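Please find the structures below.
Okay, so subunit A shows up in both of these, paired with subunit B first and subunit C after.
Moving on to the complex of A and B:
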């Protein structure tokens, strides 16, 4: 552990030459999987979304004929509806040990991968091109949220030349024509999945999945109502991030619903007792864009040193409003429409695919809803589209809400770009200023 | 003044004398961002389509406030910087699209910050699925209607067909200029060709056709290039800037072909016109051409064009390049690297550049080393 004013952050050892050719699913089972099993019973439920993801990884081995590669902003409901196994290659980078991720990034760079590529997508370039990941039966890819996703679509084509890929053109606006455009493509997408997996879509199963998805979103909105309370009753340093993972990967499953119910009950209980998370809340932040997956200790430090609680996360806030229909009787067209809206409003995707004012206005909305005192724009150093919205967001926040915003660079996964200590050194003066402003009644 | 001299001057100046002449006659000029926005539609409205470029930018300080040099490409930053400084004040409107994240955001910032009198965004799909093609037709129709409504005019089918023919003539003549580089001693340098391409997106198309015809006549009597040792192809360069070409040619390489956006790809494929369906023809041709890596899974087409270019223009070496922070050409470098043994000619390691040329010394050294290596 490394120390900053008495607070300890993770230390990494990049001096070792790691074998990147090892089976990544084994690696994750043996490291993260084992660590999760050792969590105390009381908090183990919090990590169930990660366990579910690992279970799906393992299922790929048992049912290779069902593997559907899916981009992380492509709604998983589509895969669950056809009873495929959803495999998100880039999600591997999120849960593997940091040193391995960095070694894989370096391996990609040795193949001439641009060094500015983020670890999230860059970490799987080499295993994909080298054929070290399970071969898909079908691939669902899309162009949101960024150019890197487009580039990754080409990497998939290069990696699996004999597998036809379905590319979704995410629309730019939310007007009716663009919803129809998404629906028309998803209709084609189901035909593609039927052809690739050799099975027909069961309408009842589609209904069930979209119903589970709608219930998950409704629960999320309910949980968000609790988040608006002061103090925020949810221990933000763990659960909010787990929620993010859940909505990227598991909507449309029964298991996610059970997890969200526990999450909601936990929030409700705390709310009714008038208690916050693990530490006293002194200021409320909206955390925009990326967070340091390699060391969540940054949040512990923020809470410990400043009582600064991140009550909303850009990457996990819901925007999809499930249509108010009877899912058990819904027509195929109604379900497709729900799926199109779900896809168009995918966290991150929505802000990335659309006009830059979507990013600005969404941030303003969160600040108002969650009564934020400040915003931290932790810009992943490759999120070009979002970076180009940062300054305008900062100006609008100050003009319209009198809220300050810190703009800083991070790499979500690679501490060699910006370490936890560097982040803290940027956050500290900003949070001091916010605390001072609050003390003066601002 | 010779046709060559005139074309070079028109390509270098931003804006140029041709635009000033056009505008002084009370005619409108619409700026557009990327090669997937058909200038034919703008021209059919009676306006001059002017592709916005970074030529003339000496820095990007004003744009850097909105688009950070931490991760935003210096080419759109340079264009935006010129806009913020008022250099594009002669435009009557600006048209953007989702070419890449950088240029899309630069367009949006232009609109948000400067509130131009007219602006429009054309959504261009990244696939050629039938549904996506239909969407692109719908988008082009929206674009046409947007111009008609804003400027209170009608774009008739004859005007559109006429514009398609005119721009196809541009492409065909530019291709003839390109063909000159098959010669042992081409009558132009690669830098000059690039400057002509710059002119081709910034002057009235009839004038371009007249100048290109005159140029092709002129060049019949020009002594070919002697002062070069190797024949080079550039891959991955995006901008209009000629610095890279100059550095290669200063090192006694001759740029005989490219596989670039401001380059051969811009004029390689004509619009195949179905007279009864001009918008559909534009959509099919623009989406179907060998284009930009913004299109999903189209690398093989560009690689095929690259390999054909190596053969047809007897290329000795390929300079792989990209602008700093370009994801799309960045990943192409990976694929080209993977095929390096198939190419049959040496290729440089990726040369990563900033548009405004701050990297000149470093890149020049690498260029010199690569060209020297080709000679041994």
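Moving on to the complex of A and C:
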């Protein structure tokens, strides 16, 4: 631990020679899985999306014939519709202990992984190439949001030469032509999954999944209404941690609905009592692009020292508007259309496709909706597409809303790239500046 | 006893203290950084106190700044270097609009409010890399065995600047060694080094937007080669804050200390 103004940031021990050849699912069960069980009852629900992800990992062992690898910006509804097990290999890096993640990045580099691969994608390259992950029956991949994601498709092809990959070309916009373009591909995608898994898509199951997805999104919009309140009834670490888990992996499941309901009820209860999250709110931030997960102490410090609450997070804000249809009777085409719109607006994928202004305008929208005082662009160093929009976003924010934006580099998972202390060294002067601006009525 | 406050700036290269009476600087001191930031702070504070003829116990309020600010003994408060440099610069020159602070391990460009308050409007900093910092120049000065304070002078004599393409300090050092081995003119290499720093700094300036007047603080403000290269790249004159721009951050910290004391009704 290192201390800063009474706050303790994690100290990692990278001197240990960790055995990276161990079973990663066992590792996650024995470390994160056990730690989650020990969370106090009151807050345990917050982590349920992580528990659900671990349960899906474990299900891979029992049902290997159902494993579908899914790129993290590919809508999971497609996998759930065909009753596959959605396995996002790169999500393992999010959930494993940091020291192991770093050891796996190093192992990947020893296997000639280029230095410019980030911790998120790079941490899983070695286990993939070395055949240490469960073998998929099918692989859903896509062309966004970054070059390394695209290159990961080649890694998957090399890792599983006898498994055909379905590659989705995400369209730039939600124009009618682009929606049709996506629908045509998803139609082919289902045929692919049927062939690879050896089972037919059940239309009723597809209806059920898209209905669950629509309900989840409606709950997310409802939660967002509470987030707009001053003070925001949800603490930063919950906004950053929990909702993004929901967006990336679990839409279309019953269990996610239950979790979102708890999330909504918690926000509602606090809102009705007029109370904020865990600490007094003094300023509201939109957190953009990436939130380092190796040390949540940074966010606690930010809240404690400055009352700075991240009320919106780039990768967990909903954009998909579920079509207002009767899902129990919806036609295959109607469901496919909903899935195309959902997939086009998947967290991060939406801002990683097409025109740069999508990223800029989305940020402006969040700032207006959530009455933000400032924006933190924590740029994951490998998210090239979004980095290209950073300065433009900053200028537009100042020009149109008079809102300042901090631009800082991070790696979401690897503290050796940028440590918690380095993040704080950037955040502190910025938050001081915002506090002074607010004090002067700015 | 009148008002005595202190600002203590513990940087990676040096420790600085300014003692302030609410209106003027009573004393200031600068020492090379010790291995431990707390020790740097103690030593430089003792030196400044001796100069002012006071004992540290007479200091009514102290603000710490710089990367070692958390280790400044007896500091009642800490404030970031960005805010302190802006505050100090605006006190020295109320027309400061853009402040370039090139320190030992980082480089900051600060947009300062035009009202003379020293309020920060925006800033940008180098990210994760020593390129464009004092440390970069220090490494290069060692290669030539030229004292840091004279290092930039060669650049002014040069007919042209030899481009340094490496962005990394370590690789740039290798490149410079190669340029020397090839028999290139030393002044032209130095001009290239100064221009490399200016190039990094000017890209930071463009992120916050250039507004005049532009001032420089930090140790590199005294490097005439870097200053000239920056003026060329930015197309504006860069003004000197004072004869001792190194103490700007400590001065800003002392000003914050005086304000804090006033808020407590003691100043």
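Here is the rule we go by: the second predicted complex is superposed on the first by the 440 of 442 C-alpha atoms of A that agree within 3 Å, B and C clash if a C-alpha of one lies under 4 Å from a C-alpha of the other, contacts with A are read in each partner's own complex, and residues count from 1 in each chain.
Heads up, the rule we're going with is that contacts are C-beta pairs under 8 Å (C-beta built on N, C-alpha and C of every residue); 3 or more make two chains touch, one makes a residue touch a chain.
Owing to the predicted nature of the structure, the values given are computational and were not obtained by experimental measurement.
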First, second, both or neither for A:418, with subunit B first and subunit C second: second
Subunit B versus subunit C as contact partner of A:433, first or second or both or neither: second
If touched residues of subunit A are counted for subunit B and for subunit C, the larger one: B
Partner chain in contact with A:391 - subunit B first, subunit C second, else both or neither: both
First, second, both or neither for A:80, with subunit B first and subunit C second: neither
First (subunit B), second (subunit C), both or neither touched by A:120: neither
Contacts of A:404 with subunit B and subunit C, given as first, second, both or neither: second
Shared subunit A surface residues [contacts with subunit B and with subunit C]: 391, 409
Subunit C-facing residues of subunit A, complex: 3-5, 391, 394, 398, 404, 407-409, 417-418, 422, 425-426, 428-430, 432-433, 436-437, 440
Touch list for subunit B against partner subunit A, complex: 65-68, 70-73, 98, 100-102, 104-106, 108-109, 112, 121, 123, 125-127, 129, 131-132, 135, 138, 293-294, 296-299, 322, 324-328, 330-338, 349-350, 352
Residues of subunit C that touch subunit A when the two form their complex: 67, 70, 78-83, 119-125, 127-128, 207
In the complex, subunit A residues that touch subunit B: 108, 111-114, 116-117, 125, 129, 141, 143, 146-148, 150-158, 165, 167, 169, 171-173, 177, 181, 184-185, 188, 352, 355-357, 379, 381-385, 387-392, 409
